[in-house]
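The structure appears below as structure tokens.
Every chain is named by a letter (A, B, C, D, E and F) in the order it is written, and numbering of its residues begins at 1.
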Amino acid sequence: MINPELIMHEVTLENIKQTLLDWYDVDTHHYITVNAIDNGENLTFDWIFSEYEVKNVIHVFRAENIAYKSNIPSMMDVYPGAWVSEWDLADMFNLNMENAHRGMFLEPEAPTGPLLKESYSGK
Amino acid sequence: MVKMFIESLKNLTTKPVTIGYPHTPSPSPKDYRGTIYYQEDLCIFCDLCEDVCPPGAILFEVTNFEENIREYSYNPYLCIYCHACVDVCPKADEGCLVQAETRLKPLGREETLPKDIKLGYFMDRVTTPKHLDSQWDEFEDRCEESREGHDEFKAEKKRKKKEEMAAKKKLEAEVKAKEDAALENDVSKSENNPEEKVDETAKDKPKE
Amino acid sequence: MGNKITVTFGSQHIAIPEPVSFVFETENEMITKVDVDVGYVHRGIEQAAVTKFKFNNVQFLLARVCGFCSITHAGAYIHGVEKLLGVETNKRIDYLRLIVTELDRMHSHLLANGHVAEVCGYENLFMQSVKYRENATEILEAITGNRVQYDYYQIGGVSRDLSAEHIEMIDVKLKELRVNVLKLRDFFDTDYTFGLKTKGVGTVTYEMAKAYNTAGSIARASGLRMDARNEFDFLPYEEVGYKLQTRTEGDVWARCMVRFDEVINSIDMCLYAVNNLPEGEIKVKSKGKPKGETFIRVEAPRGECFYYIKGNGTKIMERVRIRVPTYANIPVLRELFVGSQYSDAQAIVLSFDPCLSCTAR
Amino acid sequence: MNDLRAKSPWITHYNTGGCNGCDIEILAALGPKFDIERFGMLNRGNPKQSDILLVTGPVTLRCRDVLRRVWLEMPEPKVVVAMGSCTHGGGVFRHLYHTENGIDGIVPVDVWIPGCTPRIEAIIDGLIEGVEIWKNKTKEKEYMVGHSEKLLEKIGVLND
Amino acid sequence: MEALIVLSIVLPLILGAIIVFAKNDILTSLLTWMMLPVMSILAFMIYAADLPIYVDTPHVLHWIITLFDFGLLAYFLYLGAKRKSMLVSVLSLVQFILLVTVIWVLPESSTANIYVDKLTAMMYLLVAIVGVPIAIYSIKYMDFDEKDKHLFVGLVVAFLGVMNFAVSANNIEWFFAVFETTTLFSVIFIGFRGDKEAVDNSTLALWMNQIGGVAILLALLIMIKDFGVYHFTDLLIIDKETMSMAAFGFLSLAALIKGAQLPFHKWLLGAMVAPTPVSAILHSATMVKIAPFLLLRISPIIEGTLLAKLLILTTGFVFVAAAIFALTQDNLKRILAYSTISLLGLMMLAASVGTPTAVAVSIMLIIFHGFAKGFLFIEAGVLEKVFKIKYLQEMNMLLEKAPLTLLFIFFAFLNMTFIPFGVFVGKWLMIEEASGLLSQGSSVLLIALVAIGGVFLSVLYMKVLGVTIKHHRFTDIQVQKQPKTFLFVAIWFYLWLLALTIFIAPFAGDFVAQISNSLTGETTPIHADGLSLVVGESTLYFWQILGALLLLAFIHIAPLKFKFKNVDQMHPYNCGEVYTRQAGTYDFLFLKKYEGIANMIAITLFMLVVVLGGQLL
Amino acid sequence: MMGLLLTLFSPIIGGFIYGVERVVKARMQSRQGPPVLQPFYDFVKLMQKRPMMVHSFHASMGIMYFISTWFAMAVLMMGNDLLIAIFFHVISVLALTIGAFSVRSSYSIMGAMRELMHVVSYEPVVILLAVSLYLVTGSFDIAKILTSDITPIFSLPLVFISFLGVMPMLLHKSPFDIAEAHQEIVGGPDIEYSGPFYEAVYTARWIEYVYVYFIVFLFGGSNYFLGTFLVVFSFIFINAVDNSTARLDYKKMLKFAWFILIPLSMLNIFFVVVGAN
């Protein structure tokens, strides 16, 4: 059984960028992805990192209770490769993501925000 | 470059590694995940396979509501040969659902339509390979309807049965009551109770 | 205008079997601008995993996120579910899983390298790669029942056991494969024209690799010591002799070479695992429904595959998030084109071994 | 003549969003062990010079029009060989929000190859089956008599 | 006959003057149109006469010309001062001093100052048949929003006279005078539009050509000092063995500059700012053709010397380099200019080789290049004025926009390189000749240069043709209306080229070979066998000529005429996508960085020509 | 007479060569490969396809490519001047490139430009070859070359080697299949042809095989046995090279042709000249 050692950092949308700018070290930290979870009323955001050559450690920067229409900051200033995951999330959750180009994955005729609970739970 | 040059010349003089399929056979290895076969007589109609099948390649259509006869349908062209149905089938060991090592022929000209009774429940109904896909769509709808219909039918039947039972009971009760009345002259004791019970059951059952 | 030629590369193009489109703007064949569309394969798997499918058959769907690493996708998910269910697998299961995962890596790497050779116009090298790769796929077919979609992982175990004949066959074929891969590696290594076409082309420097958080053989070819097998204990890699392979050149050629080195390492690991297979059941009983969340990293052939799984105690999962290696490598890929020749673009793309079907899901 | 023709089917392959599994096998089928060039088959990659359109995948929304265009660009006589369960009703991707549930509604299919992933032997069987059908086809365009230009324009083949 | 010769020199001058001063449209047209038959007949009559002819001139003419020289130099000095160009002023002063010295030491000579041989007569013909239609063309051309129409046409007409004069001058001092006059004309033409760019370019042309003038004067001085003669015909009879080559070194230098060889090609490129007929006339029949003409005049003398070898090297190098750099250009006229520079290189190369066949090649190239280039520039002018197309990338879809012009351009370009047209025959003969020389131990480099340069030119033309035809759509082609004059001139050139090509064997075997015979005094191994061309042991059969003509005719007429019926039309393969995309061409701009190196090499070669070839050391 | 027959049958001979080549190529890749007559099956197939074109001009250029290649073949077989035959080949290249340029497809246009780069690379070498043959046999006349008592291969080994170097360019074989480059520009100039029109281009390529191998044959001089041997040798060699090299880009091709092959040829000619004097 896998046993990841989770290191949780509580952040908010306002301070996430600054926190990451301070914390993220290109030599030791590896950005994995950003994730969003729909809790039914609001979203949870996770920015997920690992460390090079350190076993089983996963850093998670978790911002909770995000309203659906909040403006999400882009992390492209911190690590330039962030755009794929951010644009992807913007499409999938119909987010107001900074700098995001919509339609990277979704065609116009597809449902908007397919990963939102309201989109698939039939309401 | 030079090494490859020599290798090329060497290959030119040696025999190619190409196998001769289809002129020479190339059998599947043991336990190859091929077509799913089904034995109706062994099936207990538990619907577990239909439930687990990822693409929905197994469907049961209720063909006879009265006797609750369900017909197994399998679409080998939709099946992803994942083996999940066989894993889940309680009667798999007896051979109710088996994954064969052989695979199906591709579906092209009409002559090549597979006619194997055991697997081709769905295919048998198809006359032309074109529109097979849309037919499966219709079929899915029909199965869905049949299931719903069956559920309704079942509920209806149950209700009717209950009603009958109730009526019967009532009758019996009446008779009994008459008898009793005749015997004891106590009429007002048990008149409404059975009817309420029927109502409750009728409400509950279809919801399941 | 005038001297600019816009070349579309995809979505239907002979060099990339997958639908992906690059729109290059070239001047004298030199690329000056590039647009990438990676969304052709988007099918909506993340949604399907939390709606249509129950937690015990999601792995079949996830295996079909991508054919090359069907085993890793299903594997990552099942590792996660097992964690949520609290299932402890035994050594034999781990070893069996490891064998199939590494065999998958071998065939994937060999095909990827062969494909690089093919788009470099080196048809024979492609043919030789595919020829030798057959050994790996034959083994896989024999032990899992399919050449590509193994469906081998199951919750709490694996679907089939290895028999004695299997072990014998694997041993013979892998030893043969090892010889052949070394030969093939030698071809790639020493070939002059292939070197002309690939050395110094599409170079990802160590700094770039770090800055863009690349994964897999792309990162390792640039000297970034980055391998989920090294950083995450999802399978007992250390026991079977895993070694991290890196190079420093970072170009197309180095990526091929890293893949060959990994194939050889994988063969060694498999040989060890097959010959030292622990005894035990191949399936552990599991009960209950997954509840809670977990993060999983596994090393797919193309690099790190990351899963986030959240269950809510019902049959349906709450959230499945997939981050795949190509997804991490697309940003750096896009940066590489500007300034390189159009005739090298195919080799660069294919040396990344892009998997759009998992990128777009 | 048709028998001679049947010895030279050229292939265009298009993946409409499958898992690559099928495509890997197509590559392997080109390889030395199976070598479909024995039957005169070449992977041309260019629909204008091909006779068999080998499609894999469940047809995602974005691939749909591309598939149509590729098919339209192939001159008659031509056949479409659909490979894998994805192409038939979408396979495991059936009824996802971004797929078209297989290629049947998009282009007319002549041969279905079952399997996920089909064995290479099945690919060969399917292609041979396709060739048998192709042999009896003619140059005629049975579809869209009389309104070709318009239809082409609508689909976006007459782009520019 | 003398009168005819004088007439053909003077008539254009007079007519030009009338046109300039009369400023009357009808008169202009009338006179210019009239010149076509008159000049042609004159030239034919002179050619048919018993050549060579020496025309004696009154002594006073000599003084007039000398005076004119000084006037010219004074004007140049004035221009230099006005345009604040030190170079021009200094060069004018140098020329002034040299000219005074020359006149000081000039011995008496009884040789006639005007000498007309077959070569000269051929140049007359070229001027009449190629130059006059261009003058006609320029009447219409100037109607398109240009000013000073009459002045322009008058100058063009007069320029033809100057050119005729230049090719008939025997006295090198006179030749210097005409040489400078052509410079003057080119300066006026280039600066015609009067804007800054035009003036700058004309100044450039001025000082570059003045260097040529200086070179001629130096040559003249040395000649007078060494041999005491200053007539071309006198030079030919001096014993070759003992001769010093210094004078010829300088003469060749003048030729190289006039022929706009690298690195002096800038002036010809700068000439592009002038109205297009200027380019047409400069490139086809006049001006630059003085360069190979001059070399042809002295080729019997320099044949086989080190000077000739160095010239071969230089011009061969230019032939290749200019063809390569032409690939980097995107302006049609500049491409044509580069190709002229390149082909001039080949002509001069052939002239320097100096064997009968090589001389024939040079003549052949002068003629066919004149026709084709005149044609091309005319069509470039049509494109510019009627269709507003100047750059290569705008030439896309010419087939829809200007089908007829495309047809003409296509044909002219085919003429520039493909079998069986004249330029090709020249190239082919050159290779044959060079191969012959090879076995006698001459340079392997010569052959390689000819082969390589020819290939580059072919590729250049194919590229340009490709671009003109590019992006054709499905639409039907409608032939657009063009001014009748343009059409006439185009058809005139077309028919001449066609006729000359079909009868290339007699033309080369009789006409060209005769000129070459007369120049070299040996028999040229080219003759016509029926309509097949026989060169030594090789034959260009008539069926090959005809076959190639038919193939090419089909290729260039096909776009207009040929239609497939009942065939499906489909858009190009675009990976199944519908992106609109640009499709330009390669511009090979990365080659530009080698241009400096090429110029350096060319300068070195120039030095070598003058210093080593002229045996100055 | 022989020349006429050879010309008439050159498509068939070429098709046969191509068929053998495909088998040899497959065998070199340890595959079984298609039947030898495969090119003719392809021919029949293409003829039976529904004709489809981009526009008439493009389609007619495909046919012109075929005709002019065949004509060049006729000139080579029946004319007497090798040089002229070489220049006729340029006409066919013209038809091909003009056709390729005329369509609105960047692949096609890139293919055409690359085709021109091919010409720049091989043409000087081929001309030098003709010149060197002239040098040793004293004639450009093919009939004379084939009857001269000198065997050119012995005095022109370097020229032969450099011709081996340009053969991949002429025949579009790896490492110089740059204009065709299937994985980059999907066939380059041929891409837009389909059905019968593609068949014209396809067949023209066969004629080019005969054209090129005939030039190889000339190296045998009057020793036809040696000539045949050279043809077979170069055939195997070219195919082995095709199968053991990656495709280079056009700049590398130019450099190879210009800085290696041309000097090589010139060196050989130089030696011959020096040796003769």
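Going forward, a contact is a pair of C-beta atoms (placed from the backbone, for glycine too) under 8 Å apart; a residue touches a chain by one contact, two chains touch by 3 or more.
Because the structure is a prediction, the values reported are computed rather than measured.
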Shortest path length from subunit A to subunit B (each step joins two touching chains): 2
Contact-graph separation of subunit C and subunit D, given in steps at minimum: 1
Top chain pair, ranked by how many C-beta pairs fall in contact: E-F
Most distant chain from subunit E, judged by the mean position of its C-alpha atoms: B
Where subunit A and subunit D are represented by their mean Cα positions, the distance between them in whole Å: 39
For subunit B paired with subunit F, centre-to-centre distance based on mean C-alpha positions, whole Å: 64
Distance from the mean Cα position of subunit F to that of subunit A, given in whole angstrom: 58
Centroid distance [mean C-alpha coordinates] between subunit F and subunit E, Å: 36
For subunit B, residues contacting two or more additional chains: 1-4, 7-8, 16-18, 32, 54, 80-82
Subunit C, residues touching no fewer than two other chains: 5-8, 11-15, 29, 39, 42, 44, 47, 60-61, 64, 124-125, 127-128, 131, 146, 149, 191, 193-194
Shared-contact residues (touching 2 or more other chains) in subunit A: 105-106, 110, 114
Pairs of chains satisfying the touch condition: A-C, A-D, B-C, B-D, B-F, C-D, C-E, C-F, D-E, D-F, E-F
Touching residues on subunit C, where the partner in the complex is subunit D: 11-15, 17-19, 39-45, 47-48, 52, 60-61, 63-68, 70, 111, 114-115, 126-128, 130-131, 133-134, 137, 146-149, 355, 357
Footprint of subunit C on subunit F - complex, ascending: 28-31, 106-107, 109-110, 174-175, 177-178, 181-186, 243-250, 252
Interface residues, subunit F side, partner subunit D - complex: 22, 26, 29-35, 38, 40-42, 44-45, 48-52, 104, 182, 186-187, 190-195, 198
Of all residues in subunit A, those that touch subunit C in their complex: 1-4, 6, 26-27, 30-33, 35, 37-38, 46, 48, 50-58, 60, 79-85, 88, 92, 103-106, 110, 114-115, 119-120
Contacting residues of subunit D [partner subunit A, same complex]: 61-62, 97-98
